[in-house]
Structures are given as C-alpha cells and as structure tokens.
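Letters are used for the chains, namely A, B, C and D, taken in the order the chains are written, and counting of residues starts over at 1 for each.
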Amino acid sequence: MDKKTVRYAISGLGRIGRYHSMNISTRVANAELVAGCTIMDADKQWVKENLPHLRIYDDYDEMLEKEKGSVDAVAIASSTAVHAEQSIKAIEAGYHVFCEKPLSLDVDEAAKVVETAKAHPNQKVLCGFSRRFDASYLDAKKKVDEGLIGKPMVIKAQTGDKQHKDDFFVKYAEKSGGIFVDCTIHDIDLVLYYFGEDVVPQQISAIGSAVIHPELAKFKDCDNAFANVKFWDGRMANFYVTRMMTHGQEDYTEILGTEAKITVNKNVNNNLVTISDPHGVRHEAPEDFYARFEMAFVTELNEFTKYIVNDKPVPFSLDANLKALKWAKYLQHCVETGKVLNFNEKGEPIDY
Amino acid sequence: MDKKTVRYAISGLGRIGRYHSMNISTRVANAELVAGCTIMDADKQWVKENLPHLRIYDDYDEMLEKEKGSVDAVAIASSTAVHAEQSIKAIEAGYHVFCEKPLSLDVDEAAKVVETAKAHPNQKVLCGFSRRFDASYLDAKKKVDEGLIGKPMVIKAQTGDKQHKDDFFVKYAEKSGGIFVDCTIHDIDLVLYYFGEDVVPQQISAIGSAVIHPELAKFKDCDNAFANVKFWDGRMANFYVTRMMTHGQEDYTEILGTEAKITVNKNVNNNLVTISDPHGVRHEAPEDFYARFEMAFVTELNEFTKYIVNDKPVPFSLDANLKALKWAKYLQHCVETGKVLNFNEKGEPIDY
Amino acid sequence: MDKKTVRYAISGLGRIGRYHSMNISTRVANAELVAGCTIMDADKQWVKENLPHLRIYDDYDEMLEKEKGSVDAVAIASSTAVHAEQSIKAIEAGYHVFCEKPLSLDVDEAAKVVETAKAHPNQKVLCGFSRRFDASYLDAKKKVDEGLIGKPMVIKAQTGDKQHKDDFFVKYAEKSGGIFVDCTIHDIDLVLYYFGEDVVPQQISAIGSAVIHPELAKFKDCDNAFANVKFWDGRMANFYVTRMMTHGQEDYTEILGTEAKITVNKNVNNNLVTISDPHGVRHEAPEDFYARFEMAFVTELNEFTKYIVNDKPVPFSLDANLKALKWAKYLQHCVETGKVLNFNEKGEPIDY
Amino acid sequence: MDKKTVRYAISGLGRIGRYHSMNISTRVANAELVAGCTIMDADKQWVKENLPHLRIYDDYDEMLEKEKGSVDAVAIASSTAVHAEQSIKAIEAGYHVFCEKPLSLDVDEAAKVVETAKAHPNQKVLCGFSRRFDASYLDAKKKVDEGLIGKPMVIKAQTGDKQHKDDFFVKYAEKSGGIFVDCTIHDIDLVLYYFGEDVVPQQISAIGSAVIHPELAKFKDCDNAFANVKFWDGRMANFYVTRMMTHGQEDYTEILGTEAKITVNKNVNNNLVTISDPHGVRHEAPEDFYARFEMAFVTELNEFTKYIVNDKPVPFSLDANLKALKWAKYLQHCVETGKVLNFNEKGEPIDY
C-alpha cells in the first residue's frame, strides 16, 4: 500500500470494459482508474453514474497524449478489431499495456504487437488470457509442476457457451474470427500453459457443424466443433467447442499424465448450493464466462499491477499468445477445408 | 466511487485483523483503512511492511479520541474478551461499528452492546456473521424466499474444523466459550436466518464427547457434539460440530422444506480441481474457515460500507446475534449437565 | 452348483414377498423356491402368472407340516404382526428361517424368536437387515475394519423416504410401530454393525414433528424426527428420519473416525446418468428403498443360502436385531414423552 | 418360470467365459448351463470345482453334435479369432447364439456371421455389446427417445482402461486388432445406438500415441488415441481411448442434444462410498470393465434368454455390429496412415 499506485486508463467501456473498470477501481490492490475512452453515449452515461471522477475521452490518441504523466498503464477492452493498433500505440507512447484477448484476429497484426512489446522491454505487456489467473487452473498448474500427474501427455479441453435461442451468436460471428479463434484460443492457451510453449504440432485436424444456428454457415462458422492436435513428441490435445449448452457455461479441462489425471471444472457448479427436488439432485451452472471467471479477471489485474509495482517480468510470453492465435487459425482452416494440416519439425505448416 | 469514502480504523491486527485490514484496503469499494490499534510488536511489524501509511495506536481509547473526524467506522477484530467493551465505546464515540462475532461470550455484556446500538440509531452496527454474506448461503436464502423449497421446516447444520494433531484446540478452549459458542453459533445464526428471527424454541438437548482431545474435559468442553432443537411451531434444527475432520474444513448445511431440500457445501470442494489417481477420484477441501469463507469476509465489509455510504439500515438485527449467543449457551449447558432444556411459549427457559 | 440346492418356501407374497420370490427363483445360487403361503387372491394370481410351479397354501401351519422333507428354509415376508410367530413355528418345525425385518414390533415377542433360535443352533436364522448386504455398506465395513478411519467414534445416519402427497404414510402408521421402529431401526442396526454389538448407551434423546401429515399425531407418530445417542465409551450417534423428501429415497450414513470419515450415499444417485439442462446439472434419486437396495436383497438371500449350504454360522447375531428394536422403542418413547432416557453402565434404562 | 428353460452350452471358460457361466447358472431367469467346451486344463479344473455337473468337451464340433436336443443356445466366449467360425457353425447347427464382441477382427468374416444369421431367421443371434444392457445406458436411451435432450447431435465417448505397469497391454496388443477395434468399438456401438444405425459418416480422422508402452509401436498400436467422425447430416462423434488411467476404469459418454446433455459415468464411482481423509474427499473407481459392467453382463443374458423363451426378435441388429467393426478398422487405418478418410453419401470410403 505504501508502494506506488498504478494509475490506469481504460479503452472501451462496454461489457468487459465495465468489469475491468470496476475491478481496477475496487478490487485491485495498488491500482486506481483515472481515465477512460469511449465514443458510446451509453458507456459515458454508465461512467457518469458509476465512476464520475474518470477523465473521459472520445479519442484514444488524445487520451494517450493528454494522460502522459498522469497514467501508468492502459487497459484495452475495446473491440477486437482495434486491440493491436491500440496496444502498439500505447506501448510506443510509453505505457504499460494490459490487452484483452486476443491481440488481434490477424496474425501479422498480432505479430506486430509482440514485436513492439519486445522493443520496449521496460514496459509490461500482458494479453488477458484469464484462465491462467483462475484459482483452479493455477492449482492444477502447481500440481502438474510438482509432478502429481507424472508427465502431462494428453489434454482434453472444452469451451461450452450457454445456448442463445435468439441470433446473438449469429450476429456475433461476423466479427468473432470463427469459433476456434473466439473460444478455443483459450483452450489452446491452456495447452501451451500445461505442455509448455515449446511444444511443436505435427498434425492438426478439425470438424464442425452449425447445429443450432445453420445461418452460421454463411460465415463459414459453426456452433459445435472438434479438433485434434498431435505433437511431435507424442503428446496430444483434443478440443471441443460448443454454443449449444442449455445449462450454462461449461468450460472443462482434463490434463492427463502418465501417473494421474487432473480435471478442472468436472462438476460445473456455480456455487456450493445443491437442490434436491422432483427434478432430481441438482446444481446450477454459471450463466456465462464472467460468472465462471469473475475472480480470474480480478486476479489478472492484481497480478499485472504487481508486475508493474515490483518491476517484475510478466511470466507469460506474448509469443505464446501469438502461437495460440496461429493455431486457432489453422483449426479454422481445417474445419473450412475439410483437410488436415501437417507440420514440419519446426512447427511450420507444410500444406497450409 | 464519486460517493463518500468510508475511512476505517481497525482494532486488533492478528490473524483475522490482518485479513480485514487487507480486504478494506484493497477489496472493498469506497473504503480505506487509515488507522489501527494493537499492542503486539509482531502486528505492528506486519503493518509496517504491509500498510505503512496506517496511523497505529497502542491504546484503543486514544485511537477513538484522536481519530474523531478522520475515521468513520471502526472494525473490531481484537480478542473476543473485549469485543463488547470496544464496540460500546466506539458506538458511544460516534463511530459506525463492524464487530467480529461474537459480540461477547457473556450474554449480559452482549445485551449492552445491542442496547447501546439501539440508542444510536444513526450509526451502523454489524456483527460479522460472515456466512450471511457467502454467495452460496445468499443464493440459498434467495431460493428459500422465492419458495423453491416450500416451507422450510428442518435445518441440519454442521461446523467441522480440520483436526489439529497438536494441542491447538485445547489451548484455544480456555477462551473460546465452548464449542457450541465458538462454532455452532454460526449454525444457530443460520437457523435464525432461514427460519426467521421469531422462531421460538420449545426444547433443546445436546450431547458431546472429547474424542481427539480428552484434555478438553477440564474446560467442560468437547471436540464432537450434537444438539437438537425443537421449536413451538413444529420446526426442528439439528447441529453437529466437530474438530475431528482430517480432510479440511467442512461446514455443511441442509434446509429441508415441504417441497424440496437445499444443501450448502454438499461437495466440500476447495476449488474446481479434481484429481484421478491411485487414491481414487478426489478433490481437496478448504484448509480452514478463511479458505472456505474468504469472499464472504470481503463481501461483508463491502456491504457494511454500502450501508454507511447509502445510509441504509443494516438488514440483520443485533437481537438475532444476541439470541444466537443465548442459544449457544443453552446448548453448552445441556452438554455439561446432561439435561434437556424446556422453554415456555415466549422462548424463556423453564428449568435453566 | 454341484452342491445341495436349498429349497425355499415363502410366507407372504405381497410386495416384498414377490421381490424375494423372484430373487430366490432367478438370482440366488443354489436356491429354488418350491412353495408359498398366502390368503390373498391377488397374490395367488400373481404366483399363477409368474411362478406357476409353486405349491401354494392358505395356511402357514399346513405348509410347514406338508413341506417337511421338501423344503429346507422358510422366508418370512408376511405382515410384521406375524413375523415372530411364524419364525418360531418354522424354527421349531426344523426349518432354516430368513425373516424380513423387524422380528416383531413387540420386544418380548422378538426375544422369544431369539431364544427359540438359540435353542436350535443347527438351523440358520437371519433377520433381513438388508443394508448389511449392500455393496457400499460392505465396502465401508471392510475399510473401517482395515483401520482406514482410525477408531470409529461418531455415526450420523439418515433414512429418508420419498414424500407421498396422499395418505399412504398415515394409513401405514397404524401398524408401523412408529417412524423410529419402522425406519431408524436400520440406522440403529448400522450403529451396531460399525461400532460393534457391545456398545452401551448412556443417554438417548429424540424430537419429532408431523410436518407433512399432521394426522400422524393421532398415532403419536411423526414424519420428521431426530435422535441423539451417547454411549458410555464416548461414542455418539445421530439419527435423522424423514418422509418429506421430494427427490426420492435418501438413506445416508456417515461414519466418522479419528483419522477419516466414510460416507455412504453422499451423492444419492439412482444410476450413472447425469442430465445437464435448464434445471441445472442433475441426477435422479432412487424412487424407494427397493430401488436403492435391490441388489442388497439379492445378496442377503445368496449369503443366507451359502450359510446353509456350507453349514457356516450366520455372521450377524439376532441379539443385535433385538437390541435395535429395543433402542428404536426407546427413541419412540423419548419423542412421545419429550424426555431423555438415561442408562446404567449395563445399558439398562434407568427412568423408562 | 413355468416357461421353457433355455439350456446353454458355453465355448471358452477363461475369464469372460467363467463370468458368463456363473451368470447363466445363478443369475439368469429361465436358463441353465449344461455343457462347456475348452481345451485348457485350468479351465476344466475350474469347472470341476464350480460347475461339476457340466458336460465338458475338448472339441467344439463334437459339443455341437452331441448336445443336439439337449442344448438350446450356445454362448461363445472363446478367443476372438474363432468367434466367427464358432458362431457360424452353431447357427448352422440350429442353435441360438450369443457371441461375445466382436464378431471377428476381420470384416469379411464378420459379414459371414451376419449373413448366416439372416439365413436362419428363427434362431436368435446376439453379439454382446454389453453397454446396451447397462442400466445407465438404458436409462439414457429412454431419456433420449423421450426427447429429453431434443435432437441428439454430438457424442463424446471415452473408453479408459486402468494402466498396467507391466507389459499386459503389449502382449494383449498382438491379437487385439488395435485399440480402436478392441475398445472404441464399444463407443462406436453407442453412436449407432443413440444416433441410429443409419447415420452415415462423411469424414473420419484419428491420432494416437504409445505413451506408456512405446513397444506398442511394433504392432502399429497405441495406448492413447483420439478420433473424430463427422456425419453427412451434421452430427459428430468424438472418441478418446486410453490405457493410461491410474484410478481405474473410466468409460465416459456424453450425448449432447439441441436441448440438453446426458452424461453417463460423470462421477466414475465404484459404489456409493466416499472417503474424506488427508487425501481429500474421494471415491474409488471400478478396477476394470467387469467391475463397471457386471450387471450389464447379467442383464444381456437375461434379455437374450427372454428373446428365446418368448420368441421375440433380438432388438439389435448384427448389421450394426458389423458397421462398428468397419468403422473401428477405418479409425485404425487413419491413425496408422496419418490421413483422414472421406466417405460418399452411402457411407462408402472414397480413399480407403
């Protein structure tokens, strides 16, 4: 507390931006939110009611310019389309940067962010793969690192969104980059987290269907998909992604080692309440990703703030984030073309 | 955030005091911790390292005196023996008061706190029965109030502490007031929460044993005990309390209604990690009450701060806290004497 | 299979009699059912359709007389009122006897069965406390005996029947002997099973309410009740019995030892099916005791048949069954009088 | 019981043959085992001790010949290599035939069994895919058929064998036909069961690794493998198969529909016992497939016997068994070649 307080500006004050804003303001040690940028009237109104002391800007560049010296770090929670551009600008302007995932939907653009960050080694740059800050994934990581499961060899990971009966996901699909890029990127990130960033793919395959929303076909997207990845060292990963769950968000991960298996979210419960009634013995599932990962969102900004305050390196590499994006794109490619992708021993696709 | 910030002073900076201090400082909206009171060197050292900006006092009275105008609320996390005295002084000095449970081990003393609070209706006074702020108990309350279980008629509640192989609990027993007063008071509070504060006991009985720590007998205390309460309206409660659990903290509550049953903490899991290995399919339990209720501790001070900021009444009555203490004492009496206690229709013990 | 086949006659062909009849006929090794006794036309009709080769009698005495030499063992599944009488007659006529629980609702009558059995040591006599033959209770027993939980000190046991919205339980109450005698007798039996038959009660108390069926009051019975038992060696047992469950049968047992806890039926699932839908993540509970204990019923007759075939002693004593009945009666007494019962060190009630 | 008793002969008295023998003898209604065929001395000795009344043959053909008129049905539990041959002979000799899965490791041979069976429509022929007779899979089927999950669109199925530290699986691999043919064939069968036998594959892919037993590579086999199947109607199936589980047998199935999801064996428990101790809150998993599916084995022979007694058609087609074998072979092909297989709209592989 005696330590330096990190002053944040936030870009984007929509759903996720508001979560981050409130978290920085009330649940992050040594942090305060002082500025924000949005062109949306509704968002400005929300700020007025909830965080009236914020200095609000319409223009991102202006904010970066004017807040020099008053702001230490920029949290980027704007639309994905501008993640990369805004990250680069903020880094170049000397700010620490926390950017919501993904860095970009475009691999080259994302690569530029990574490059820019590397050119500014004294600034902290973190892309928000929130699961890495979730208490259960952290506990699993600790146990894996301690050798509890022997050598981790197989990962099964699922991202399951609650079904929307309306066309929410169809509209969303226009800009999401596809279900693997939007959702499975988290599961790919977990593979890099638990297998290590150096694991090299040998073959990738994927299948998908638009079950609930046939309209997704027009974006070459789907609402249910599977992918398999085989790595050169014999490890394997399997991904399932779906927007068809009717009980709630079900993100499920299994890490299978030579000596044991760790499962995260086997029971998919929202809290510790069980109901026993004519429907059976039951518990509710989280409504959405935020209900599942709220505390991970709080933790990631606490941790990011600590990196800044203590001037410690960010323990996660942006290279891994870039890799996750690339692999997600490959999966998207497989499901679109119906073909497998083979890789050389450097992990470069042979027939992409 | 634009709203008034509540400035806190804390009394007691031991284990629970430190939790509250860090929570107020970093996880409570509209709150800041500015002063603290302790005579312990270790605690002062901890403050120096963690919250160096605090104004630290040796003397509680001096703190109350000097912080007038600089502090709005006092959080009392000192030893139980001085809870009542410190609460009364702070209320009389014009502060809002958050007091760790219980108000006192002495019924008359506790009654004085309640009286004093009533004499100062413009100040907020809350006794920290943290379970009422736990997300799962809150969800259960909501469901009960919505009628999900019909009429709640039976409550089974258990407080289960992790077993200490050493004499921790024996030493602790000297000042704890007995296992029912120390632990079951939470379960009694839940009965008052779910059945309503007006429920009137008809008969109370209890049995107990000192299984793990026979030395507890010298304090007429035990480490395993059961109690039954029958109410005049036909409702019933059953309590089990134990210090014998080897897997961790297991606080378990069932609320049985005419149409359904709600269970809180049926699965006693620490997080969402499951391990499958030669020991079976397993998950870990929380280590202690704070591992189980950490977020409830954060929530209770957030809520308390909101009552102050918004000048809203505390929704829980101190009368209920007093009642819980009385009943806990009755249970202690039953286990010590081997007799049941009967009550008249006003809830006054007939043969106490 | 080469071994002697045990030829059974059955008394009573109602619900439970039919279960036993089909089990003996098709799921018990070395057993065959050859005769039956009932005065009910519906039951005779059922036999005609399902087991037409049976020799059917109206009169129990006649059956015992005529089947001498053709039948080895009698299974008694008639109404509880005649359990004792029929058992005694069969034993005296030289048959092995399997009698459904309880031996009687009357302690003296039950004692006579025990006495008669002891006078005929070459015949096998077993009272069907089916839980002792349930795979899970057997596994728990094995683990307790192997020392997994250290010394077993506390048992919490619940028998929970599915709620009947109609007056089924009210009609049933007329002849059931009261809820403790009808249901909790199983839980008492488990205490004798896990603590050993020599455990001596020091104090018994109980409370009860007629929540769903207030009409039960006319039989001094209730549909929800708790009881506590303290034993002279410091062990304790707690019983909950209810007819209020809306999800199904929930019979639940915890055996707490100094080193660990074993729970039987923590998850109350009917099978291995889980449903995830808008009601949550859920599984169904067994509909009734037979859905829960079907295989235990099959096992108990397989085991009983083995005792006969191999001429091995029945490993469970009838004394324990008698003791369970007595204790159940004491509980019934407590709930009716509102008093506790104290016992001398021989386990004789002081103030009964 | 009055009904005709089905007299069985069994071929093969090794592990699975003994299970079937005891089941037919003691747990199958209207069935008796009268003859058996084996050349193994150990098996003959076992029969002598356990089923001494059996007429035992060294030669299968001789048994078929001599038991004409004395035996109604043949249960084939010999080595997989002779399943087809023995089935065909028995059918042609006029017997009903129950054959352990698979019909053969060779598609053409299996096809001949199917053909032979069709040529003898008055005889019952069943291939023992035991999961179809498991209470939980049956309950899931009932719920799916009742529409509980809407339209079933996605199946995730896993067969997980307990890890053997020794070379058991390596030796076994010589004759198993590969992990997909040995294990996943059950999961494929479930797909045909829940999606219907007419579902037509569009694309199949698979990856595998020999993680625990690198020696498996010499048989082109593996101990961990994934496969994806996309069907022409947009449905999908995903298979995981492993011999790496250290907690026990974990066969797990999810059937995801447009309205809900059904999971079979989510909790992988062996029975209803939960242990709470320093290892956590845990339950044991079944040791192997028989511990998991024992009752399904009993049920399948009860059902098969009923088809004979009541002269009802076998409700499962041998065509589906043949199809399952073919698909398992395709998966094996994919994992060996590293290629995907595409199918025309008749379900014929294009590039096999």
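The rule is short, and it goes like this: a residue touches a chain if its C-beta (ideal position, glycine included) is under 8 Å from a C-beta of that chain, and two chains touch if they have at least 3 such contacts.
What you are looking at is a predicted structure, and each value in this text was computed from that prediction instead of being measured.
Ranking every chain by how far its Cα centroid lies from the centroid of chain B, the top place goes to D. The interface holding more C-beta pairs in contact, when A-C is weighed against C-D, is C-D. Taking each chain's centre as the mean of its C-alpha atoms, chain B lies 42 Å from chain C. Chain C has its Cα centroid 56 Å from the Cα centroid of chain A.
If you average the Cα atoms of chain C and of chain D, the two centres end up 38 Å apart.
Within chain B, the positions touching two or more other chains are listed as 245-247, 259-261, 266-267, 269, 275-278.
Within the complex formed with chain B, the chain C residues making contact are 153-154, 156, 203, 205-212, 224, 226-230, 234-236, 238, 240, 242, 244-247, 256, 258-261, 266, 338-340, 342.
Across the interface of their complex, chain D is touched by residues 1-2, 22, 25-30, 50-53, 135-136, 139-140, 143, 148-149, 259-267, 269-278, 295 of chain C. Residues of chain B that touch chain D in their complex: 245-247, 250, 267-269, 275-285.
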